[in-house]
Amino acid sequence: MSQLEELKAAIRGHLDSLDCVIGWEQGYDPLHATPLFIRNESDLERLSISPLAVHNPATYATGFAGKKIGMVVRGCHSRSIIELLNEKLIERENVVLFGLCCDGVVSQRKIRTALPADPGFVEAVEIGDDALHITLAGEKTTIKLQDVLADKCRICAYPDPLLADVLIGNKHDSRPEETLACQEAFEAKPNAEKFTFWQDTMSRCIRCYACRNVCPMCVCQDYCIAASRDPLWMSQENSPAENFMFQMIHVSHLTGRCTECGECERACPVDIPLMLLRRYMNKQVQEVFGHQAGTSLDKTPPLLTFQVEEARIKERDW
Amino acid sequence: MERFITEANLQQFAATLAGKKHVLAPVASGGTTCFRRLVPGMRLDFSRMAVISPKDATFPRNETLLLVQRYVEESGKKLELKEQLPEGECIVIGSRPCGARGKLIFDPVYETEAIKDPYYLRRRDNTLFITLSCDRPESTCFCHSVGSNPADGTGSDVLLTAVEGGFFARAITPKGEELLADALFEEAGTRAEEAAAKQTKARELMGQAHDFSSAAAKLLERFDDMGFWQAQSNKCISCGACTYMCPTCYCFNITDDEAGLVSRRLRSWDNCMSHTFTLEGSGHNPRGTKAHRLKNRVGHKFSYYPDLHASQIACCGCGRCIKQCPAGVDIRQVVMAAQEYVDER
Amino acid sequence: MRIGVFICHCGSNIAGTVDCESVAELASGFPEVVYSTDSMYTCSEPGQEGIITAIHEQKLDGVVVASCTPRMHEPTFRRAVERAGLNRYMFEMANIREHVSWIGKDKEHNTNKAADLVLMAVEKLRRNRPLVPKSFETIKRVLVIGGGVAGIQAALDCADGGLDVVMVERDQSIGGKMAKLDKTFPTIDCSSCVLGPKMVDIAQHEKITLHTCAEIEAVSGYVGNFSVTIRRRATYVDWTKCTGCGVCTEKCPSKRSPDVFNEFMGTTTAINIPFPQAIPKKAAINPATCTMIQKGKCGVCAKVCPVGCIDYEQQDELINVDVGAIVVATGYDLFDWHKYPQYGEGRYPDVITSLQYERLLSASGPTGGHIKRPSDGKEPKNVVFIQCVGSRDRSVDRPYCSGFCCMYTAKQAILTKDHIPDSQSYVFYMDIRAPGKGYDEFTRRAMEEYGAQYVRGRVAMIYPHGEQLMVRGADTLAGTQVEVPADLVVLATGVEAAQGAVKLGETLRVVPDQYGFFVESHPKLKPVETNTAGVYLAGACQGPKDIPTSVGQGSAAAAKALGLLSKERLESDPAVSKVNLSRCVGCQKCIGTCPFGAIKAITDRQGKLKAEVIETVCQGCGICTVTCPQGAIQLEHFTDNQILAEVNALCPPKMNASFE
Amino acid sequence: MPAQDERELRIVGFLCNWCSYGGADTAGVARFTQPTDLRIIRVPCSGRIDPLFVVRALLNGADGVLVSGCHPRDCHYAEGNFYARRRLEMLKRFLPITGIDERRFEYTWVSASEGQRWQHVVTEFTRRIHELGPAQSFNPATQEEWFNLALNEASKGEACACHGS
């Protein structure tokens, strides 16, 4: 039985007791997937778990407060769920997790840039073991999966769900923590270059808040201080400084809570590499608090607690 | 007037214009193509449809309506208040027909008997569009279903069509003719036919248009059916990507900023998918859930606006909202679901 | 709003380096400022009247005063605006004295800075709103920590004033350092005769509950409603039965216990009553030296005790008590003089501390009141006193003056002559500090009537010289080196904060200074208050003090506690956190970070979880406001908007007229 | 002492009421001369200082931001500075990725009795900020700056090799 069929069978067994199960299906064309909310057998038939199925179902978890739902989760998604549980934002008995041992998902941005221009109509996509075969205007283009794998998947240390009620697929051997060369290269740049980079990049931001709303850990959403007039943290001015202020709010509120699912960067319509900020902050959190959000149950986010003697905070003397 | 311009000359034409005027054009930066103010030295990127529409030209994301400065003089305290009406001409190069045509949706709202928005009108009247017709329509494109086509010149001053070695240019307005008088444009020769063939092919690629004519009434029928809207909005994350990207969304917010001795009244884009859009002072929100908000967005474009304005659908079919939606919400599917809805009871 | 701005000259304190007129003129252009003026002394009667008149005449609904630090006169001006009918929170201060005029002389920069601070205050004030305090009941009981003379005085005054008092003493008996003294200066009256009756009063007062061998374990709550946990150490004697007969101490075979009360001038028994006048007069076992407890062998005291009160199994006991106010009177300890190499670092038994000398002088001391030197029990003829041992000395990090050593040294010189008429005293001193009533006369008597030789200079070394010690020092007045043979050397050991003061400070949220003495609210105007409301200081825990000053401060602290608890209800500071229920998403993060348990979860009418602040418990720190990501819980008077307005006033964002 | 060079820079201080604000008062009472650049915002506790206040000030154009609270263990509210320490440390560590020089932000502890220490902290921090010079505005201040920004090499290049290529 294929993994998909195995998964369908597992979901089928739970469907009656759940409000819905969140998975994926094909989106507006064969190259794009979209979240699927499975409520009945015909919904279930449309389920897809290809590497195109990228969305983090944990994004929707808090929206179903009080209802019991199922979610198909990859490794990174399960971290989001664990962090939500740790912060008591969802309840364990209200979620059934169908875990997928994951070999990585694609980056649509990379697919797009792998093609010389807008692709036009996508007629068909065939997913091989290590490549995507895309049919455009009758012509087949092949892209290696490895070349369009999302950044987070290239360095993923947790491909298998850390929490699941049903586990589908073969578990991976444990993987070392890795860093992205591009991340390191950016971090190593001089301040002036980084500053200019963010100035320019932030001038592209339209403050649509897709990064915020897609973030599974952003639970304020409707009450985000970026959009409120009381408290009034930000002007509605769409300028680099104000846009960056919002990103700083997001980073600040995610300190020690970000599970690195990469949804913010994926959702950004103008391709702002937000994960540069996330990964850097997470690295600091790891260094100072030895904490990685969503990797184990019953951990308090580091900024919500303290130690009288902080072993790894060296206070600067004067 | 029909002319031809080579790709290199078009780049130069744009650069020269940019030295003199405010030019908005699609530019690739940081891996994405956006309209931004062209600075001599930048290159136009025609390979992709710009992520954000050229709406900024006529309806900028930010607009200072007035500035207030406080100061003290010998004679006592002073307060200076300056209205900031937009000045200067703007030229958009490389908009697509959908984007250029989309701005027409604004007119019935901002120029009525009762209300004339001076900021909008000044910008509209001082902006020229040099539009590029589409030759590779995408899976998300549906301009043909909302009364347009990939070579629609409506709302544009010049329409460019890519032909061998450059672009065939056709002036649509007298101002467009003035632009084409530039020496960089050459005789069109036989390129008119080549362009026409390209345009026809592009239209054919789009296939059968969907008939949205029943949408207005069908959407109204579903107005009170919140179950329908909840199902449709399941995956929506209630962000503003769709509205900010949309060439036809014209909602704005006005906020006053003040800091110390300076204050400012700012007009900025607003977003009906946001909770705060309809949040009332009392704390009550008539559109408290994303289902309410999606209903409004779709309803407004395909039902309420057409009802008020000669059946004109407030959507230009550019597909940006579909393509850029982080959750893959497809407005076509939502409208069709309402059109095809069968009451099972 | 209609805001009035008042720029204070503070005489020349501010006006000397700030152009107050131009600050006032600039301020007249600030948003919503309708009245702006400068005045000589804004805090004075006419200054305050000026504010009140302006409020009435200009119909002001907010006032900014630019003057000294708000930590000084904010309450004064708040009362003034209240007298004029405004809410006291519709007032802001700009600190242009401590933070401007006093720290720089550049008038132009100072004036600009003052104007900035005023603008900041105006911008904050525009976002203030009237706040009304809530009232709550108080517990009419006072905790006194420390049973020395300051604590005794505070406890008796509180109890006489009608309050219940709980006294906690770390040692076995109350009495503190004073109980160890023989006589007191400048009257040479018997210390225990003066203190004894007061100690008895403590034991007998029906309003006073005494816990000795006890320390403070934990304190929670807030002014008027503290909840205190006291740890009472096991004494292995049931004090409800012990009559203090002393049979056990006579029979105890373990006679090598260190005699703490006698400053280790000898040994005592493992079970003992520290001194005859001890209160409570109960025996206690030193578990470190009791062979029964250490080795399970002996049990003599249990056998001889006529009432059967010995309990070798006794455990520490935790006692909980609720109090409305706390008086801290933990006193001092002596500086460890062994740090000084020149005094022999403890190699010479005849170098002792002044307090040990007191025990030698005392009739109830180890020598029965006869001065016998420790080495051979001989009566010393030449006694050398060295002052400032651990005082006024940066090299041992004790730069402060311990205050009363000059006086007790003079007293001890006089008493030496009284005890041994043919003796000669020498005093090495730096300066004589004798500013109290009758004090200087007293030191003169020591020199003139009792012939004590005062040598102005420091001692360089002490070395053995036959049976004697040779004290070598400088006589800075004569400009020579002197050597004095001594039979006994008494060190006027300086005062330092009591052991454990820093830890107690953490428990009480009272800050110790760098030497461990507790910091008072204001060095002049609030000498017994602390920054924690309802916690007061008495005696040497705040800094070195002699007996009359300690007693006076004990009474002062009692007066503060009595004054506080004389009100039926107290008003809580309304500058506490408040939840905007419509913004709260019920994530409960604030509940987790509140140090006071002042936030609880509630369910609103739609069944949604929300946070709610218990106003009287909230202390107004604002940790929750930063914890809350959506800004739903705001600390009143220090809201995000108010602080952001100050930030924006100081560094205004560029208001672009046009964009890219 | 005037500012260390002729021009004053904009330094914002956030001080807790009980310790550091008192320490600054103590310094004033003792007439400990300090540079004039710093302007102090009084808050009840360092636990009230949202790191985002610091960010707001920096993005508004502050040349430096100094935060000071009670020494650890001495917090008037028992725990405020423990939270503050974690929050502010993370901010300080985060700043380098933004290109904002993290030396423009500092946090420290000064008690109410440490007037001299306060003088030292202010003097040293002000000196540091003057060495760094005026901060660059995050929003380009002029049209020309906008243009230069748009043309800047950094903005043309990709964010990183794996991002979008």
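Descriptive notes on the structure:
For clarity, chains are labelled A, B, C and D in written order, and residue numbers in each chain start from 1.
Just so we're on the same page, a contact is a pair of C-beta atoms (placed from the backbone, for glycine too) under 8 Å apart; a residue touches a chain by one contact, two chains touch by 3 or more.
The shown structure was predicted, so the numbers you read here are calculated from the model rather than taken from an experiment.
Chain centres computed from CA atoms place C at the largest separation from chain A. Chain centres defined as mean CA positions place D nearest to the mean of all protein CA atoms.
Averaged C-alpha coordinates give centres for chain C and chain D that are 34 Å from one another. In whole angstrom, the spacing between the mean C-alpha positions of chain A and chain B is 30. The mean-CA centres of chain A and chain C are about 55 angstrom from one another, to the nearest whole unit.
Per-chain CA centroids place chain B at a distance of 70 Å from chain C. With touch defined as above, residues shared between interfaces to two or more other chains in chain D number as follows: 50, 56, 59-60, 73, 79, 83, 87, 137, 139, 146, 150, 155, 159, 163-165.
Within chain B, contacts with two or more other chains are made by residues 29-32, 36-37, 61-62, 257, 259. The set of chain C residues touching two or more other chains comprises 593, 627, 640, 644, 648, 652-653, 656, 659-660.
Taken as a contact graph, with one node per protein chain and an edge wherever two chains touch, the assembly is complete, since every chain touches every other chain. Taken in their complex, chain D has these residues touching chain C: 1-3, 8, 10, 12, 17-19, 21-22, 24-25, 27-29, 31-36, 39-45, 47-50, 53, 56-57, 59-62, 70, 73-80, 83, 87, 111-114, 119, 137, 139, 141, 146.
Only residues 36-37, 60-62, 64, 67, 70-72, 76-78, 82, 84, 257-264, 283 of chain B touch chain C when the two sit together in their complex.
Those residues of chain A whose C-beta lies close enough to touch chain D in the complex are 109-110, 113, 151, 154, 180-183, 185-187, 191-203, 233, 239-242, 244-245, 248-249, 251-252, 255-256, 271, 273, 276-277, 280-281, 284-285, 287-289, 302-303, 306-308, 310, 313, 315-316, 318.
Residues of chain D touching chain B in their complex: 60, 146-147, 150-151, 155-156, 158-159, 163-165.
Remark: chain A residues 87-89, 203, 219-220, 223-225, 228, 230-233, 235, 237-239, 241, 253, 300, 304-305 touch chain C in the complex.
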